[in-house]
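Shared chain: chain A. Partners: chain B in the first complex, chain C in the second.
And then the complex of A and B:
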């Protein structure tokens, strides 16, 4: 899992040949911390299907504004540079799997 | 999807059995799991929709014994670690259906997994109460929130509102003044339930304005998110509007018991009824601990205590059943004592 910022997010998203899951989080967001281990798990298991990048919105407020983020944790799926889905709030592993399977699935 | 995942997916449809199934991962569930594991009952714990429970969205906890001050999420992470070290099978799943009218009991996860169990500890806790408006659901995460510490940041220099009249509502409003230029506190009565200390802090804060005798009739917004709220006066029904960028809902908590409706005795508010001085529910072998059965104390430490009780009672229940089975065997062979 890598971190993205205002400078490189577009490049990462455009250059990826796989869908990208963007995790908007912040150091003071407790539910974001609670979600992190689950994201680590799926990053490994879905390594072939998608890429996960983390965006710290405290250091990248411009990205929060651009994507109209008003609540975190927020997970967003981007395919070919365009947002295709987002989900807000903490998720169990089973629900995160369901979200990813529904939006990342086969071409 | 890789082959590995496909295989895992097929395997998941199978049912898994445990002597003790714990539903929930707050202080009650985690404590029950530690006790059950130490009693060699090999419990399964299903974490539910918010792993770690309500404390994961709080900040400082200053009344947990042994810690002068600890962050709620850190405390819950430590409990989770302890539970895993004790050998508990911790599953990231959400139970969506239960059948307590059969033996063994059955619980079904939202991925379709069937969990069967000889005893169940219900520790599903309570969750934030929402207003129940369609527009509120529509704007969740886009201006409607129940967590000021999570989302206050997005309202720097903006205007927001908090609904509620208790300590949580006042604390959320006070916290939001660190960011927002102005915070309205909307309450349907003309007095607050919050304690004196919080009320004094509230009235001393020039950024907070009270909106008395009003309830939120609708959340207003556009494609970018919330733009305001429609208010209804609780005395004369007069309707007005307030322009805000964010709405924080802090109107209390409801026990997470919808799953057990009709299968366990509950009070009119949905709290599971237990035998006084015990965690036994109306179904033998099913125990309830923490906020799901407690509307009086609702503390991390009382929940943990009840989790301990539930595990010990489950252990006793299982032992009782085994000794009945042994007694029956003895009777068959004429070896009665």
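And then the complex of A and C:
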């Protein structure tokens, strides 16, 4: 799992060959912290198919503005440089899996 | 890969127990957080960090079991009871026990819960999912680990079955328990999430059977909030204050609220029951090897 900031997000996310699940979070956000182990598991589950990239909106407020982040945790899927789906709030592992499966797919 | 308790080494167990006992003796054993300012919970006491994977790896417990452990300890109140359980957890885990299938065994116990079945049976697709997922955990216990595609198919079917249940219905909570269990036992949060989901579903079922509604919950919340603003019965605190206010001004609600509290306590007892069951399962696990025996 990688971190992206205002300088490298385009390179890491928008120009990625693979689909990317972007996790917008902040250090003070308890639901974001609760979601973290689930994201770790999903990263392992989809290691072949997609990347997971974390964006701390506190240190990168410009990215929150650019992607119109109105609440966190916000998960966004980017494919071929364009956003294809987003979901807001805490998700169970199975729900997150279904969301990723629907928008990224798995082997 | 097999998960062997304490890696078959009695020294690993002795060191873990020693660290836990030192925190208990020093009065620095807490429920949460795992590790802060020298205070430690059941995980932090042993690894001296907020690091559940390190606990699982160093002691030879399945990660999903270690992930659930603080939640189990949290069900024991007051704190001496939590200490008693935390010590028993280490003391009663046999050195060299093969814990590879423990998580699936415990998930199976949860999915076989009578209250859960009472709810899932009302929706054939949900019940079918429950049975399919139990069958996958049974296969894992028998050493025939289902592949990723098989788990995924069962999981997506469970999610679809949940989506067919009304969002406000109790049965929806039961369906979510089934969803949570639709992962192999090696998945870190599978046991914690299944237990948490079942605890919530059972509590809502019993509250609903006792006639306690969301409206009641909201009334008590607002009464308490108003008392905070007005300083009403400020000489009391916590539940004593809430009960005193309800007894004085809302006697019928007070009676129902006491039933709610009893049901909450029963729900906590279910967590404790699973906690002891986990220890029993570990005691019954086959012994793979011990270092002393091998030497």
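The rule is short, and it goes like this: the second predicted complex is superposed on the first by the 103 of 107 C-alpha atoms of A that agree within 3 Å, B and C clash if a C-alpha of one lies under 4 Å from a C-alpha of the other, contacts with A are read in each partner's own complex, and residues count from 1 in each chain.
Everything that follows uses one rule, which is that contacts are C-beta pairs under 8 Å (C-beta built on N, C-alpha and C of every residue); 3 or more make two chains touch, one makes a residue touch a chain.
Here the structure is a predicted model, which is why all the values come from computation and not from measurement.
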item	value
Three-chain arrangement built on chain A, chain B and chain C clash or fit	clash
Touching partner for A:97 - first (chain B), second (chain C), both, neither	both
Contacts of A:30 with chain B and chain C, given as first, second, both or neither	first
Touched partner set for A:71, first chain B, second chain C, both or neither	first
Greater chain A contact set [chain C / chain B]	B
Partner chain in contact with A:13 - chain B first, chain C second, else both or neither	neither
Chain B versus chain C as contact partner of A:89, first or second or both or neither	first
Touched partner set for A:21, first chain B, second chain C, both or neither	neither
Touching partner for A:53 - first (chain B), second (chain C), both, neither	neither
Segment of chain B intruding into chain C (one of 41-49, 131-139 or 239-247)	41-49
Doubly contacted chain A residues - partners chain C and chain B	38, 45, 92-95, 97-98, 101, 106
Residues of chain C defined as touching chain A within the complex	67, 148, 152, 155-156, 158-159, 176, 179-180, 182-183, 187-190, 193
Residue ranges of chain A in contact with chain C within the complex	37-38, 40-41, 45, 92-95, 97-98, 101, 106
Complex interface listing, chain A residues touching chain B	26, 28-34, 38, 45, 48-49, 57-58, 64, 68-72, 74, 88-95, 97-98, 101, 105-106
Of all residues in chain B, those that touch chain A in their complex	1-2, 5, 47-52, 56-59, 71-73, 76-77, 91-94, 109-111, 140-145, 147, 149-151, 153-154, 224-226, 245-246
